[in-house]
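To start, the structure under review is shown below, and the notes come after it.
Chain nomenclature is as follows: A, B, C and D, assigned in order of appearance, with residue numbering initiated at 1 for each chain independently.
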């Protein structure tokens, strides 16, 4: 199985682990991720303003490239996923926006045809948890792991359609498949305040601590996330339990972690 | 040639607002056959009808065209008017210039032009109308009530009281419905069981009423006065006529882990059970999903302890076919699922419950014997938060809830809050509301009492998130009047879930060819004037299947539905539809094409002697339509290859004339 | 309502694509907002004030820069009003004015460290500058 | 000289029990559709003789649509099934004669589907209008 793959800029720099392990694990699980050529940064945040067109063009080009390759698109970073998926939704449902975008696209007209999977959806819907279980060589038995969804993966649900936005299970199910014990806590789908980290760091710290406290009270030993910004923000806010990328966790269980640790 | 009178109705501004009624009347005056044309504000009013009657006399009219609302609304009215004026009622045609013209078009010239064309089509048809005389059909003097809640019970009792036989079909093992699950009722706080169970006993003892419990309607055929209904009596594996309801089996059954749906699965029952002590019929039922004997043939305890010998593991579903003159739908409501509202943590904490669950928790016959205890740890809650409007009043684009107000939640929440404070004065009770809606007799007084006498805190604002933290629930909410975000620690959160029609309603509506709205509530024949009748003749509506209702309203509507049924069953004969098929025997070649397509078996053949021009006789096979059986669908008219078959009132020539008029 | 207020309201409604008239004043947006305590004007006030054309105070308010864009209000609004989109539209109306950029490239080095993910810097520019 | 805007002429046969009631519901809910649509009430869609459809086209109709109860919901149990079969044959013949498929349609509209009725009529009228005037049966048209 082959998919177009969009890592995004953070995964090429500060969050290399998220990217490297995503590819390694995909290979173990029988999926080839083919990186899109010459991609540009998605912009990090989806501007909901209807009249912002230029800021969304890079995402449209990513989607168009996947379509040209005749492949579905896979993303890993929560923020990239949110931006690309919301852009695709706007291309499908906002005719005025789509026509404005297509004025920039020359012969590459695009109308939302590409299907997008987040890495988690790829595992759940394409690979299947059973296949993951088969491939686990280091079961993470006994580990109490708290899934941190944050806001970007689940909302707005009318666009993201990943899981129940209020009571998601997609990461918990993966944690179970890896042999560990998921810790369910109330603030796993609340915002860590990542986007205001630069603008008002005290607010970001406050919000992160609410999440960390909630997870720790529920007995978490590790927090797992798919978002480099969440990881950074939780860590900077003084989180005293490890925060790891979900692909790192997956790599550990699939036994491919050491291979890439230089 | 007919002498036709055209009458154009304004319907106040409903028609006249978009259609130039004067111009329509003028234009139609010039049509062939038209000798009189008039317009009037309300043709359906007495004065409007008098206008028609007078015109018939003065102008010797032989046909009438009324350009007005849908014939589904007032065709019958104007036919009566025609009859009163001495015309055959079937010499009337309606041009629908309201629902299908003025209400769907916005511009006056367009509406007027279309109204004229529709009027021309009606005139073209009337020109070819012939007087028709309806046949008659007998009325089966028995009513069917579908649903055995308070709505169905009241309707059945009222019909039986008038001396007619009634059957109640209830899908659960007992009648009683939602009201049987309630503790107290607002605004008087009398106990639901105390006022409901005597009525259930009345039903059981009334010799005019039969109860088919644990049964479902599976097929409905026929028409008003003559419905043929198939009822499936599901196997309960207990012989109803032998079971004494002693309950020995329900105590001895070793399978104890069956979720008790009567208590909303907050406790368990046995695999053989009687839903509650006052169940009617008081007969045990075996749940085949849990009974070991039925699943793998190992057990048989209930059979051993039953001294009446009522247990029958081999029982099969049984089908009953019965005739009815009228059908009453009383399928009721359910609270919506809270699965999509997990910001309130319903699926994450046992201590977040719905109001109906709260009702069971405070009911003396409930899982806690009436003590208000938290489902998670059985502790007494010190602080309770009620959340109103969960899933009600949502935007149409919102995927989670309903657009309508569920109507009963404000009052039952005030009741719950008040009763809690009354029984447990140490318990702190907070209600989050958007609006408190109390339009009902003594309703607002009741709500004020909750606030002023019982000290319930009402806070204007919605709850945004409920977080289970340890054994507490953190409730994050708005206090709009104080412009604050509150974080309250609660022990129990109660959600006033929106209500929706029972899931059985839609397939039933299909069987009955009764119409529903987009929320699956049954549509009434007229929202103001015929609120308890379905547009389908002979089908009546009782209770919450038609829209959210409290108990007093339900009982009132149940009685109204019963009176409509009684009015129907009191008739010995119903005047039928004269628009039936008939065959022109001179053209019929006896090919049987029509017979094969007739869904009612209304067509038979006979050999008839014809005298030929040369004075010889010839015997030919010809089709004959039984007008009492024919329902007038007209399928045979199209199947007939020789054009012998035609439909009265909708003759091929007439429809063709309408086509011509429209296409001119 | 004065013409300039009307114009501004239409502008905000156009940029956001939100219909504030749908609001039934339940306050669930503010009940669920994680940045509530940091905001001078709360999500439900944004909706109400935009509807009434009372937008000037919002343009001046620090609340514009406290919204986390977490979409909790959008997700949980029973009336599908989408308050976060209104906040964003008002914020854009503020930063799009000449010289009103909330952040300049010169500010950035002080605000970041070695681990700051790129996406934070990019998104900050998206949100706070024009 | 002002060119008269082209307006298609559409004949809609609606069964009394479902579709005609659906059309009334569209009216009750004030759901607009083009005035080009003129409804003829028939007891059941199966009352519609193929002759009526031909007659409409001969007389200058640009589109003909039949609406009946949903399969399984026919007030007369099975009428709409006959409609479906009869019209499938008729429409394929009309197609052969050069009357485009888009000019003919059978649609199921229940009494509860006012919105569907209006949407169907809007869509049908739009498609018919896009085809322009129906000239194919001109030769066969009755001369008035």
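Here, a contact is a pair of C-beta atoms (placed from the backbone, for glycine too) under 8 Å apart; a residue touches a chain by one contact, two chains touch by 3 or more.
Owing to the predicted nature of the structure, the values given are computational and were not obtained by experimental measurement.
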item	value
Between A-C and B-C, the pair with more C-beta contacts	A-C
Rounded Å distance between chain A and chain B, as computed from the means of their C-alpha atoms	48
Separation of chain A from chain C, taking each centre as the mean of its C-alpha atoms, in whole Å	25
Centre-of-Cα separation between chain D and chain C, whole angstrom	50
Multi-chain contact sites of chain A, meaning residues that touch two or more partners	166, 190
Sequence positions of chain D contacting 2 or more other chains	none
Contacts with 2+ other chains: residues of chain B	343, 465
Inter-chain touch pairs (all)	A-B, A-C, B-C, B-D
Interface residues, chain B side, partner chain A - complex	339-343, 345, 347-348, 399, 465, 467-470, 474
Complex contacts: residues of chain A adjacent to chain B	158, 164, 166-167, 184, 186-187, 190, 214, 217
In the complex, chain D residues that touch chain B	9, 11, 16-18, 20-21, 23-28, 30-33, 35, 38-44, 46-52, 55-56, 59-61, 69, 72-73, 75-79, 82, 86, 110-112, 115, 118
Chain C-facing residues of chain B, complex	343, 389, 391, 393-395, 397-398, 400-401, 434, 460-465, 476-478, 480, 483, 485
Parts of chain C lying in touch with chain B, wherever the complex brings them together	22, 24-33, 36-37, 42, 44-45, 72, 75-81
